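These notes are about the structure you will find just below.
Labels run A, B, C and D following the written order; every chain starts at residue 1.
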Amino acid sequence: MKNSAILLVDCPDRKGIVAAISDFLYRHNANILHNDQHQDADLGLFLSRVEWDGQGFALPASEFRPAFQPIAEKFGMRWRLETSAVRPRLAIMVSKYLHCLADLLYRHDSGELACEIPVIISNHEDARRLAEFYRIPFACVSGKDESRQRALLAEHRVDFVVLARYMQILSPEFVAQYPQRIINVHHSFLPAFSGAKPYHRAFERGVKLIGATSHYVTEVLDDGPIIEQDVVRISHRDQIEDLQEKGRDLEKAVLSRAVRWHIDHRILVYAKKTVVFD
Amino acid sequence: MKNSAILLVDCPDRKGIVAAISDFLYRHNANILHNDQHQDADLGLFLSRVEWDGQGFALPASEFRPAFQPIAEKFGMRWRLETSAVRPRLAIMVSKYLHCLADLLYRHDSGELACEIPVIISNHEDARRLAEFYRIPFACVSGKDESRQRALLAEHRVDFVVLARYMQILSPEFVAQYPQRIINVHHSFLPAFSGAKPYHRAFERGVKLIGATSHYVTEVLDDGPIIEQDVVRISHRDQIEDLQEKGRDLEKAVLSRAVRWHIDHRILVYAKKTVVFD
Amino acid sequence: MKNSAILLVDCPDRKGIVAAISDFLYRHNANILHNDQHQDADLGLFLSRVEWDGQGFALPASEFRPAFQPIAEKFGMRWRLETSAVRPRLAIMVSKYLHCLADLLYRHDSGELACEIPVIISNHEDARRLAEFYRIPFACVSGKDESRQRALLAEHRVDFVVLARYMQILSPEFVAQYPQRIINVHHSFLPAFSGAKPYHRAFERGVKLIGATSHYVTEVLDDGPIIEQDVVRISHRDQIEDLQEKGRDLEKAVLSRAVRWHIDHRILVYAKKTVVFD
Amino acid sequence: MKNSAILLVDCPDRKGIVAAISDFLYRHNANILHNDQHQDADLGLFLSRVEWDGQGFALPASEFRPAFQPIAEKFGMRWRLETSAVRPRLAIMVSKYLHCLADLLYRHDSGELACEIPVIISNHEDARRLAEFYRIPFACVSGKDESRQRALLAEHRVDFVVLARYMQILSPEFVAQYPQRIINVHHSFLPAFSGAKPYHRAFERGVKLIGATSHYVTEVLDDGPIIEQDVVRISHRDQIEDLQEKGRDLEKAVLSRAVRWHIDHRILVYAKKTVVFD
């Protein structure tokens, strides 16, 4: 099993940041596996993701913070350390459309998604049988009972939430509790057709491609930072049902990629956008 | 050189239309090359494109109308007959961005576009040298002088107009004179980012794909029936200049396909949408 | 539920075929839903697929053959009539990789695939639990025991077979019994990397895209008529495991499309190639 | 105009390489713009591309080598320094198909390709008019007269050569003189359909996608390290002429990307493959 550490950093861009980080890691005997960075020239920002082998790294996790803090302060960094050994805990919320849920559960089961799934929450019973097949606890909670939903998330120590075609709007308080930790899939190529019934509106407009978008949820509907998008070609032969069927495959693709990247700590959010380090 | 005839039909859907058309063509000894049709169940519409070999067809073009009229009347058809021997006459209007113009002229020169290009009209001098290289008459006319523009189109007996990144808005009167005969390219995946500066707005929104759209021009800006769309993937590394550069290739692709399909009489417009028969 | 009839025809191309078929259908009161055809000029072949509404069609299925036979004979047609009311019976053969099986079963369960799946056959036990979840009979049979396999297919009156990453080679006798009725998925962009370990060889060659291919099985390995192909972009960052993971999604996509098109009677094979009517 | 320096490095992977390079650059006051790296775990290789702002960098180009040499020796690096201020000199060789040439010349003229094009060499006269339009010297030389070709390359101090559908095979001596400096475009998705007439063979095989590949030329035909590939969907309706027409757009795309990446010093070759740093 992979045992690596990941440092995510963003700070004002200036000379010496790369040297400071790489020198720090070298002094503690890190074997760097991936090192990616991005500069935003307009905003004067530096963003970076460094991953190194936990094997042989001289600094225990508990001592990382005090050791790294002087560098972080010198450059004014926002930073966090993640380790692949700690599997993040994911709650999936779902309604009656089960294709994204089924896809995520199969991928999880086959080892593609390195996370725990302690609970599935739905406002309908439809998903129960699937949850039981994969031996994941299932809770049927009314979409209006957010306090029960949030209690479940707390109880299961959930790190992030995936809305797998959940079809309900979360309250601002719910969203605020999980900043950049709630991933939604919208069945259009945002910002086109945000809101309700995107396939119907795409059909009426006569577009030649339909899309799907995974994004972090913010207070404003369908407006959060986009993580991934994809499209598929349609023609005049495709009726709304065909759009929905083709769209389901898109939704699965963009949502599962977003979940994987989130788990792998590849995503940094800034300026309402995401950097996805590959 | 190809010598084929194309019949384009739309009418209320009912039984016997296909039989009536194919029987008519058979009786006049047509060798059918392509036969495509589309039914819109919701609107109860039948749309069809039939192409046959002009060689051996027993009915001269001048006699087609009276011979076909009884069938057309029986089924309430809107129809037109086109022949590949008559090359449609295209005027290209362009501003300072020349990539779409250069692409169309090269394709025309190499035989990909079976049309005449009697005139290129621009509000700047930049395109003149390119026009001269391809030996196409060039006219520099102020964007505000529509009467001069329209006089040029009339004088050159222009059948349809392509706005190859023309950047000016045509008056409703101009548009009304060429219904479904003006093709524009918009540098976004419509309906996203209609209007000005789509690449800038795509960059700010943080989309993961950018697009381009070719469409027929109607009175409402960027709202006409969509002919073709395509997208390309971008990442956080792409700055606005990169979006513009990648976008140029998209614009060329979707515009040149639309022009080819228009020339080949593959496009039928209905319900604000297009059917593109392949 | 849809109740339509589909006529598939191929014959030497000559004048009057379309007229003869559409007149025949009109005389028996058919409401044509789709009408697609293809001419191969080099081979002088005409191929066609016509679909009409079973509702209101005047000719019972049992009387179709004698009524249509004169036309078929006149034009030397190979033809068959299918009806959407008769759901074809599919056997899935699978080995230890279950992603294609899981994908097909989910699609079947959610109504995307209008077929019966009377049996799943595997040379391993791994797929049993999945089969039971979807309540499909499961048989574990050694890959070498073809007589038992073929007995099962006969017993379940199987119309066509899908090799969902089956990993075993069928005998020529087995293949000959199901001509154009066995669909395989190969994890490369054929004809590149036919045979064993395509992802490893793609990795070594340093290709920038990997592919997958669904095709009808013939006597020659990976050489049958191609039904569908797709590709996905990879980079130097992708290791063999990443190719396999990205490839799994491709395999599911191209296989499920092939199965759907086969069920919908959209595929005609000729000259070692397929026509897929859309 | 951009004035940046690019360091390309490959060496056996071990700890401390990133720290050594970034510390070296920091000490000489480099403002790093891009920093990308790749580890090949199987081969134990480290590859890197670092780009920094020439503005403010304390080390003149002439002093870089002696200053960096101790680090290079310590880690056993193969390395080179490039500067964006030095525009590489490109010779284009072309035959009768001019679409790739026209595309490259237009891109060069519009500023997309930061190189000089001192000469175009062809074994036919067809390209002369295009070359003159873009004011590039043109030489018509028999494909068999390699000594004249190579003399022209030497005379024009050519850094790299692009075979823009040149259709002739270069001698091993010619190839050896420009290792990883000759870029070819092959009109198939390699390794499928290497050699002659790939569109014809793709048509016969009945593939559902056609492709194009740009690669560095080596002694073995169509076997060199692949730089870029792309595909486009085709159907049974596409005849060989359609494949050729669609293919031309692919060829332009994959060739122009390869040329741009080569000019930007983004490509490292190892193990017969390329790393293309983005």
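In the analysis below, a residue touches a chain if its C-beta (ideal position, glycine included) is under 8 Å from a C-beta of that chain, and two chains touch if they have at least 3 such contacts.
In this text the structure is predicted, and so the values were computed from the model without any measurement.
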Copies chain C and chain A - interface residue numbers shared by over half, same or different: same
Per Cα centroids, the chain farthest from chain D: C
Centroid spacing, where centroids are CA-atom means, of chain A and chain B in whole angstrom: 41
Rounded Å distance, chain B centre to chain C centre (Cα mean): 36
Multi-chain contact sites of chain C, meaning residues that touch two or more partners: 235, 237, 278
Residue ranges of chain B touching chain A (in the complex, touch as defined): 38, 41, 189-193, 204-209, 211, 225-231, 235-237, 239, 271-276, 278
In the complex, chain C residues that touch chain A: 98-99, 102, 106, 110, 112, 133, 235, 237, 245, 249, 253, 278
Touching residues on chain C, where the partner in the complex is chain B: 15-16, 18-19, 22-23, 25-26, 29-37, 39
